[in-house]
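In what follows, a structure is listed as structure tokens, so that the remarks can point back to it.
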Amino acid sequence: MADTAALDTPTDINSNAAKTVAQALNGILADSFTLYLKTKNFHWHVSGPHFRDYHLMLDEQAGAILATTDVIAERVRKTGNTTLRSIGDIARHQTIKDNDAEFVSAEDMLKELRDDNLKLVEKLREAKDIADEAKDYGSSAEIDGWIDGAEERAWFLFETARKG
Amino acid sequence: MADTAALDTPTDINSNAAKTVAQALNGILADSFTLYLKTKNFHWHVSGPHFRDYHLMLDEQAGAILATTDVIAERVRKTGNTTLRSIGDIARHQTIKDNDAEFVSAEDMLKELRDDNLKLVEKLREAKDIADEAKDYGSSAEIDGWIDGAEERAWFLFETARKG
Amino acid sequence: MADTAALDTPTDINSNAAKTVAQALNGILADSFTLYLKTKNFHWHVSGPHFRDYHLMLDEQAGAILATTDVIAERVRKTGNTTLRSIGDIARHQTIKDNDAEFVSAEDMLKELRDDNLKLVEKLREAKDIADEAKDYGSSAEIDGWIDGAEERAWFLFETARKG
Amino acid sequence: MADTAALDTPTDINSNAAKTVAQALNGILADSFTLYLKTKNFHWHVSGPHFRDYHLMLDEQAGAILATTDVIAERVRKTGNTTLRSIGDIARHQTIKDNDAEFVSAEDMLKELRDDNLKLVEKLREAKDIADEAKDYGSSAEIDGWIDGAEERAWFLFETARKG
Amino acid sequence: MADTAALDTPTDINSNAAKTVAQALNGILADSFTLYLKTKNFHWHVSGPHFRDYHLMLDEQAGAILATTDVIAERVRKTGNTTLRSIGDIARHQTIKDNDAEFVSAEDMLKELRDDNLKLVEKLREAKDIADEAKDYGSSAEIDGWIDGAEERAWFLFETARKG
Amino acid sequence: MADTAALDTPTDINSNAAKTVAQALNGILADSFTLYLKTKNFHWHVSGPHFRDYHLMLDEQAGAILATTDVIAERVRKTGNTTLRSIGDIARHQTIKDNDAEFVSAEDMLKELRDDNLKLVEKLREAKDIADEAKDYGSSAEIDGWIDGAEERAWFLFETARKG
Amino acid sequence: MADTAALDTPTDINSNAAKTVAQALNGILADSFTLYLKTKNFHWHVSGPHFRDYHLMLDEQAGAILATTDVIAERVRKTGNTTLRSIGDIARHQTIKDNDAEFVSAEDMLKELRDDNLKLVEKLREAKDIADEAKDYGSSAEIDGWIDGAEERAWFLFETARKG
Amino acid sequence: MADTAALDTPTDINSNAAKTVAQALNGILADSFTLYLKTKNFHWHVSGPHFRDYHLMLDEQAGAILATTDVIAERVRKTGNTTLRSIGDIARHQTIKDNDAEFVSAEDMLKELRDDNLKLVEKLREAKDIADEAKDYGSSAEIDGWIDGAEERAWFLFETARKG
Amino acid sequence: MADTAALDTPTDINSNAAKTVAQALNGILADSFTLYLKTKNFHWHVSGPHFRDYHLMLDEQAGAILATTDVIAERVRKTGNTTLRSIGDIARHQTIKDNDAEFVSAEDMLKELRDDNLKLVEKLREAKDIADEAKDYGSSAEIDGWIDGAEERAWFLFETARKG
Amino acid sequence: MADTAALDTPTDINSNAAKTVAQALNGILADSFTLYLKTKNFHWHVSGPHFRDYHLMLDEQAGAILATTDVIAERVRKTGNTTLRSIGDIARHQTIKDNDAEFVSAEDMLKELRDDNLKLVEKLREAKDIADEAKDYGSSAEIDGWIDGAEERAWFLFETARKG
Amino acid sequence: MADTAALDTPTDINSNAAKTVAQALNGILADSFTLYLKTKNFHWHVSGPHFRDYHLMLDEQAGAILATTDVIAERVRKTGNTTLRSIGDIARHQTIKDNDAEFVSAEDMLKELRDDNLKLVEKLREAKDIADEAKDYGSSAEIDGWIDGAEERAWFLFETARKG
Amino acid sequence: MADTAALDTPTDINSNAAKTVAQALNGILADSFTLYLKTKNFHWHVSGPHFRDYHLMLDEQAGAILATTDVIAERVRKTGNTTLRSIGDIARHQTIKDNDAEFVSAEDMLKELRDDNLKLVEKLREAKDIADEAKDYGSSAEIDGWIDGAEERAWFLFETARKG
């Protein structure tokens, strides 16, 4: 994802600062696609008496995550940098782990996603500071909503994973 | 994606036949996510006088591809098998190639996607025959629409990539 | 439901073949109304901590079943035959059993409906072959969607009835 | 449909009174499903120069009848009783007769449904008095609308069946 | 909430009778706001494996309660009296108890709301008789729907709080 | 509006009782059309600093009145009687007075409509008792909503016509 | 409907010319309300095998007529004149005749309305010329659409009243 | 409509097979435009007591036919062939006959369209077999729906043209 | 399209004048269907880097043309004449030429349609004068909008066909 | 705004006549933008007890004015001329005066806008005659609606500015 | 509202900092419910010539305030703390005063709400700083919108309460 | 735009600070209207093979700019200052230049707008800092979105203006 002259979009943001924001956003984009896939994985393979309830909740959460991805990628483009390009590109940048287990209990699904979303919150909070530093206010304001969304998912998952 | 007793959904389709359909569909699912990402990649990085027109066309095509993924995965689940689970799982099953080049001309984008979609048509036509063989009529009928969609994308990309 | 001259709709399908399709579809129609009523029965009488979740799921499934009934009946009419006429007519043709028990546990509800839907899938798959035999492509294509719907209901019911 | 301890919903309505309302409503529910089926029967088998007009009118009327059934059943449940459970249960409680004739003229269809709807109005008016007696105001108010609906259907059918 | 000359709306209902209806409705309004807050309290603090299902059910129930409040208050105004004015006014008129406990189990939440809604049904049934006595038919008809709503909430809560 | 054999709709309501309800409803229909026209008259000719506010309020009120007229007329028809037929028929049955003055002040408009609506409430309350007497529950329940509507219009007009 | 200083709206149209347009439009308004009522009369009292078809057609036509009335009245007001004020005002200006007959056959209803609508077309065509003369282009353009509407109603009524 | 190198869309379907499908589809397209025009012709010129009912039915049928035309043409284009180009092109390929008679009775209109639609069903059934032969699954699946539509039109027309 | 007694709709427009308008409108109708088909032809066969942009523009323009056809035909019918009946009828009346060429460049498509639309504008302007002459204001007003539409299409096509 | 060869759109309207219409329309466009800004100015700065009522009315009026601007400009372009290009261009062509006063009373706002709208009506009526002269029927018909809109605004403003 | 181990939602925000934000938000929540009730109080009891205008404005403002409450409460929950539980809890935390006066003039209503909203703005601005301090960006961004909303209400109320 | 006592809206923001924000926002408002007009200018006068694509893009961009103007102006008003009043006021405050050239090539249009939007981004980023300084959080948050919008427009324009 190095910057290439051919793709520069002009911007009045300092170009080094913009590149740092881009790096942070591209990392978040990789994790968002990873978390989207994992949430869909669990949406497809969940089982047990809460099947429909969790199947729907995971679909809603996957949808909410996916809805952020185009915005993230285009924030990077609008500020003069390039973004992710492929499944392989995601794999090289993701910090959230895949879970390819044959069987995961519903409870373990909830807990793993809760932790992944909290990890995403942390990365978003760091990116927020980087964006503010760069005076990249357009990105900074979007991040606020992404944090709220990830905190909401973590709350739902945390409460659901608890003993009643 | 081997079949696991714990996740078997009961079906009256012969279980070996169903597994063969599942293998075909899971391969198509991996390619669909790959093609989705590549189409978004080009949606984000396209440049030149047709920018808006191609940017919109690629977004529409990416949206059409993504819309098939949940249906593909759930056809596999409804017929007693398991489906993809992660970015890594996609990477291991994809046959369509990533394109991580720093710069791709608009014309090359159109041609590469045209070829990828035609390749997808071929795989879908094979999966159709496998599904019919297994009397998996639910999957077979869905495949018809996915073929039409991929052929439409190939037509648009082919005509657009031609010299006027 | 014997064919009566007074109600013949003209069709180019061989009339014996059409009558065979009609017999298969009328049997499926009787079972669909029976399953609709049983699913509503359980929607009304379900109880326990998953009440709302199952109450909603059963309403969605009942709605999906009912939505097929007018289409089934009119496929029979469009191909020159007559269809069901009354509650008694349904009773005489149904193969899915009524359940008039005073109390059924939520878990038993799910399992019974799962089995009924799988039985319906089998009958639909047989009807599909009959329709293809008769070159009644209009009916054949509709059956594909009904199979997918019944398989989806069976999947939801199967996963929900499992131990978490 | 006897009351069973296991399914009691608590209510402050006197339980004998509530049971009497439930019996009236369950009878109306059986007749409503019967009338729905007969109206669809005629919607499917009507013939002659007014085909489309009557086909549509009967579909609208069937839809209006069906729309009352879930409300009827749930009024019974909300006031501590149980409701119908199956096609057989409907058959045992219906007072409106099935019509399984091979051929019914359009005019006879209109007249038979007119009489059935007027009979339903009578039963609804009796149930209204029973509900008011039991201070079951929730049911009583719903009955008002069902009476208006049945009177509207009877009016349409009566006027249409008359000599112009 | 004493009547004040300055705010009289003219009405042909006997003014003492109207005032009695107003007193009943204002009491119900206070309890409705109290129950709304308690239902939102539980919507916010519920926990355990049914979190999403109950969180949604409680939100729907709170929404249904809130939707009655403006209608209640304006029925009082339309018939020449004054209604509630503040949080303190609610506190002085409420008969449903607050629950300020640090922790309430999901099961206890359901049971407490079930009892509160049944209590509300009783008050509504009394208000219905008062409104009918006063020939305040506009209020009387609205109460019918509020009773049905509270009975529906009680039914959902009762069934959900039962052992499966 | 005498009853004519040629137009009788069958009904199980006692025919004398039904005719008495019809007479009451036809009178209310005449007054409703009269009040509709007067409200539109004022909507068209109102003037002064509150022009837009009153112009809109009067249009909303006229719309609410008009919305009741088809329902009133069809309640009469559904219960076996005939209803109004012309402008002249309205003129012969109206009890609310026309106002053909060249100029009416905004304040006088509000006061006159307030009194007309209160008069309509009185007539509706009488018709309610007649309908209940006749066990014409369909009409009785509709009247409840018409009373609420007229009381709401009277409240708005009363408050607006007061000194601030 | 004489012009009154107190209600003059300023306009650059010659005031005599505007008054002539107003007289024409007010006459059309009276006839439009008359025709609306007659069309509703027939909508309510029509009978015979085409009941639903004609009942719907007459409701659509009545709705189309009513939709023009507010526009007519406000064109008069916008060009500095006053418009109709009451049922009595309509009665004094209408040229289309009331029909208060106890019984009108469906065929006679169609023919009478056909003639009334054609008469309305004539008056509209005259008003068009008066408006053009006065350079009242706003009114003139609206009249075009009203003519088309009345011609459409006349066409439907003419064709329907013909022997098949 | 011969194949021209300049317009080839790439496809993996055998090109001779694809051309055979294209010929069948182009013939159906010509007949669909012809039937569309004839159905509109009758929609415009129908007369008699069922005018509105048939006028509407014919408009719905014409709309349903037209809705297939763009899909037919684009199936031909997506599979590497060219489609119809003009009114003259339609005239040269149509097998359904024009009807330019000055007057056609309503009954004759219904019968002629019934026969035309049944003829279309036959051609569609043949095209289906050709498409399946060519493994042109996208076209084959679309044809299923077109058959159902034409059978539905034939049913409506057949029943309506019968003696009541 | 000669006038036939059997199909006369009564109108107060002079019948010779109406016939002249009808002849003009029927000619425009033939050209509109011709232009619709040609625009669809180009929508289907266009090629080159602007494929999607032109494909969409041509579809929008074809849709706009088609939307006028039913209105044109029904204006003729409402004023007592008959209109087009078939593909052959269109062919006999069209003045816009078919283009059946195997290949047309995108630029030539734009230029040909630009000229055809300008030709249509001319014919519409002539028809306008004929309609005004006949005092056929309903047709005249519709023509205004059709002129605007054709001028808009010509503008788009003209600007697009120019060198940038 | 002189005509430039490079921007000519072909038209069959006489080019001098078209240019005269263009001049009139461009003047109206300048005044429309001016009036839009002034109406928004007053929407933003209005004060006093009618604040919300006038704030909303002025927003609706500003919205109605703005909605005409694109249509005006494109009428000029469709008939072969050029239109306004900038704020400065508006300033050079506007005849309606700016009002930059620090404070304007609500009453003065209403009166000034009333006069401005009446002035706009006058200019529109002149443009109408010019367009008719040029046989520019597309523009002429649009002007009708703009006149009606400006007359409606003037009526609202006039009545509101009057003493009650 | 002390923190309780049983209800902790995990968060990466420093827990003391989060608790401080929670305290600020809970105070704002109490004031928001208080202001909602007071605004509804005035919506119900307002009187005088601006009745409808103010009645609507107060309803819109009450709706806007209520819309923030669920978001406020859930921000507290998402960041690991507990929120308000009852009417009594609101009463204990509110700083905005109740107004239980028998009569409040419209002008006094506007002024009191203007001051209350400005007070709310102040508290929101303080909470913003606390949230920023805690790096609770999700809350901080929501507060921005709540400030804008309260400032808008204050502006409307201030301008309306002024002498015109 | 000096502050005038008569128009002060109360605010707790320091009044000097608020005035500084107002000055910045009013400058941005002037430039936004200027850019809106220029973008519409180019939307109207663009020419060449990308006509429709650019015509649509420029309309979308103009719409996005206009959508910000009312919000900008009202932020100024809500914080106690006055905003722009006229076309002349815009002209006096705009820093973006008008372009009144007779002919501008499509490519030059794109480049000029790209630069203008980037200039707007700079001014917005400065205003953001001013608003934050003044603790005017309502304005500050709105600016974030306006920056994102302008950056998106610049990106589209930049990429489109590049050599493919």
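Observations on the structure shown:
Residue numbering begins at 1 within each chain, and the chains themselves are lettered A, B, C, D, E, F, G, H, I, J, K and L in the order written.
Methods note: a contact is a pair of C-beta atoms (placed from the backbone, for glycine too) under 8 Å apart; a residue touches a chain by one contact, two chains touch by 3 or more.
Note that the structure is predicted; figures quoted are calculated from it, not measured.
Two copies of one chain, chain E and chain K, touch each other, and the residues they use overlap strongly: the shared fraction of interface numbers exceeds half.
Between chain I and chain K, the centres computed from C-alpha atoms are 60 Å apart.
For this pair, chain C with chain G, the centres built from the Cα atoms lie 53 Å apart. Counting partner chains per residue, chain F shows two or more touched chains at residues 47, 50, 53, 74, 77, 107, 141, 159. Under the contact rule stated at the top, the pairs of chains that touch are A-B, A-C, A-E, A-K, A-L, B-C, B-H, B-I, B-L, C-D, C-E, C-H, D-E, D-F, D-G, D-H, E-F, E-K, F-G, F-J, F-K, G-H, G-I, G-J, H-I, I-J, I-L, J-K, J-L, K-L. Within the complex formed with chain H, the residues of chain B that make contact are 114, 118, 121-122, 125, 128, 141, 143-145, 147-148, 151-152, 154-155, 158-159. Listed in rising order, the residues of chain C touching chain H in the complex are 9-12, 74-75, 77-79, 135, 137-138, 140-142.
Against chain A, the residues of chain B that register as touching in their complex are 2, 4, 6-7, 33-34, 37-38, 40-41, 44-45, 47, 70, 73-74, 77, 82-91, 94, 98-103.
Taken together, the chain K residues at the contact with chain J in this complex read 50, 53-54, 56-57, 156, 159-164.
Residues 46-53, 55, 105-107 of chain K are the ones touching chain F in the complex.
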